[in-house]
């Protein structure tokens, strides 16, 4: 097989590869299926880099295969081949061409570096969110709207979201692969900023991307992009007063055993996930998916998930700071039911 | 001139415990490094078994984090580097026509400190306090606030002790190569492996002190309540990242450059052609080493350094592709026009070339900071570094081991079994890590104990686990080969591949204790090949036959390392675990005793003059040539 | 070629470089100092990054006792000069002069260390302890590592003085003394940087 035929056979393989790449993964999770302008810009850079690198791979592989086939020693051959010291022209070619390829990659890279570092923290059009990462949950505060929630970042579609990221304990990393690249959440003074937007409505999966302890792999969050009216309703609903459980025994248990750490409405402690509207969230604990049609072992109804979580948090998320709270079975059932009904009515 | 003192010679175990001979030290490094490669490999298999299906609970989350930490730390520090040092020790003095390294005694210290540091780190498994924050040990997770058990104490102290060995090894090889080359061997006539060891040693010299400071600072935070990395005390978590990666990036070039050297030797020998573009290769290696110090923050693109820093480090990182590419093409054009035979050693070397290029191009992809915001801390990075470390370094080490096995042990490894090793390991490797690129791009972060079902990760994780099992099988084939070869007679020829080009192939296999009966005269690059082409079968000697001065064996290096080991243990358990002695923490007393042992050995070494011994001409194995 | 501890006749002109072992020791030691430069460089970087994190402790402007430090600096710089004299004596093959200058070097070094220990104990009394803040931890680590190097050098040179007194100046003892001299100069240079970056810049703020 000569060199031309070799390349002809390789071309469809390359085309297939690019096709495969672009269809890979879930649209709410994959970097290869960007759903927002930031992820799109990053994907564009990725495609450019892969294309350039494919050229390099093809050239190196072609020469490699040619060489190992063509110059294989025939049995019994004792000849000494010509000893070649080098070739100046070749050296220059394979120095200059890579430099050119790097320039082709480098210029858009620098453009993107500056474009994606834009500071939207003072942008009046942007929705500001302060992200505080904890072991093993995500706190979202909207300072200009006066609201605080956890695990689910609800945003208005199409608007720029300006993120300030930090950590309350160890280094975490805030990553929504289908919407934008990640930014580290550092403790202390090293706070970081980034921005993104989600033009399409939907729920996008978020992941922690810096080893932070046993439940690092379970520290999921969601970004929920809704139309602007729904977002406004959500904001208002979060600020509405929240009724405590109607049953006095359950209410007593809830206030004394839960509200020391958690908050609903304007009651309770600020240090742990805010429970207002928890019944409307996609998950419990970031990882137990709320669905009436559970398929996998981490899925269940909202009530079942809450029950499971409260009963033994360590079994769901090893290393979590939430202890196994002492509750009677009735209290556990009652609180789980109460929380599952703590919904926010904001979607159309 | 006769000497009054008796010649100290040991045999059996004492010979190995007291040796200062670079060839034996090389074998010790190989055995220890090989052992820890198996430990690290077992840790990898356990990781892959945990990940073969979603929401698996084969190991607990805590154990998983311990496994991934120990896998990385063991493979880099206790397996890869020692096997590199094994080849450096076994081969470099032979390649330059020297009789040993510049500091044989310190060479032994280097091995024993590595060994006891490695043991200290692995003692953690037996105490249940295993480090669990990744080999990168990011603060403040690695501090006592979030990691109260002793895991990271073992990490900090074990690596600190092992690192001493590496640093002195680097100095040793720099001085050896600068001062002890045979007559006629100018720098530009040195074999490429020796050049790569030279540059690697310079990298070790300047990179390891940064690690020393980082580990010391973390140790002070943990043991003495300092505030380097603890934000509540004003410390800075990102400072740890800087210090670690200023060491960590050159470290990966320390890992790969010796492999580059091996490939140059193997590819050249088995195509019967001199290395294409030797001076470009030397220049490219130096440039890679230099640039390696300029790019550390590409591990920190998401830390918030700002666009200027991110931009600069992106460009600097991309630039390293240029000298690396020069090397790849020079190897390909060494093969071009040659007469290539595919011994197992050459299979590994030729397999290296396209595999390493795949790892290298993902490296260039990672260099683009905005794209890295997506790749960072995902399985894409895991795929990249395994491609360059396993597909690069480990294949290179396998090539070097198969190539130089006869010179080290006097026996050739079985070629059939070796080829089986290659194919199993090579195919297993690609199966394990190629799919991981896609896993990362599809949104799978790294260092996660488990993953949810339905995300699209299941099939590729299963494939990856199967590949890992194949790699394990390949390793078993290699071990089988080592064992059956050990029972063969020691009858390898001086030049068993018959196409040897460099000085190590001019002496018997295995090399005699004194290496060269007469120091050779070097008349050109590929010194032996040059003589062969001029019709000679041996090197021209540069000196008459005479008595050969040898350094004395010593038990002191072993005790120095044991002293440091005791100090490490003592420092760790100095917070009440062992009670008090005369009002002082018992741990500090024990630590003090360890330091006294080490310093006492140093003082003994300095005060007692030991001028070595001589091997007389009558004792030399072969007749030699009249100078 | 072997190095004998007893040579008949004259010592060579530069006895420390007369043997391969000697040349190896000197080259290796210069390389080691290269590594030490990176080590202290990293300690300096950590100090510079953390110098403003004083927490509740005293700030450097109020804390540092410059007259004391200046005196200690004077002692250390002088000791570097006396170690130069010792090396000159080595090249003139004058063992007794060499030992005398090394003894003075050690005494000056001990003086430096004594002053530094006194200085540190004062700071601790004023609320600037090792665990007080990131600034204090990095201060004591940087300056303390330097002090540890001085202490090591003192012990080393003292042992060398003993060896020179017993065995005299030979092609074996000469490289040891030469290398100890280079080491002493190095820690002196590091001190100049500490004095400038830590104390002078700390006083100015």
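To keep things simple, chains are lettered A, B and C as they appear, and every chain counts its residues starting from 1.
In this section, a residue touches a chain if its C-beta (ideal position, glycine included) is under 8 Å from a C-beta of that chain, and two chains touch if they have at least 3 such contacts.
Predicted model, so just to flag it, every value in this text is computed and none were measured.
With respect to chain A, maximal separation of chain centres occurs for C (centres as means of Cα atoms). With centres computed from Cα atoms alone, the innermost chain of the structure is B. If you average the Cα atoms of chain A and of chain B, the two centres end up 35 Å apart.
Work out the mean CA point of chain A and of chain C, and you get 52 Å between them. Chain B and chain C, compared by their mean Cα positions, are separated by 33 Å. Multi-chain contact residues, meaning those touching two or more other chains, occur in chain B at positions 235-236. The part of chain B that touches chain C in the complex is made up of residues 1, 102-103, 167, 171-172, 174-175, 178-180, 205-210, 212-214, 216-217, 220-221, 224-228, 230, 233-236, 239, 242-243, 246, 549, 603, 606-607, 609, 611-612, 614.
Contact residues on chain C toward chain B in their complex (touch as defined above): 1-5, 20, 23-24, 27-28, 31-32, 34-36, 38-39, 42-43, 45-46, 49-50, 53-55, 130-138, 141, 159, 163, 167, 172, 176. Only residues 54-55, 60-62, 64-65, 133-134, 138-141, 146, 231, 235-238, 271-274, 276-280, 302-304, 306-307, 310-311, 314-315, 318-319, 321-322, 325-326, 328-330, 332-333, 335-342, 350, 353-354, 357-358, 361-362, 364-365, 367-378, 438, 441-443, 445-456, 533 of chain B touch chain A when the two sit together in their complex. By the touch rule above, chain A contacts chain B in their complex via residues 21, 24-26, 29-32, 39, 41-43, 45-46, 49-50, 52-53, 56-57, 60-61, 63-64, 67-68, 71-73, 77, 79-87, 90-91, 94-95, 98-99, 102, 105-106, 109-110, 112-117, 135, 169-171, 173, 175, 177-178, 180-184, 186-193, 205, 207-218, 220, 287, 295-298, 318-319.
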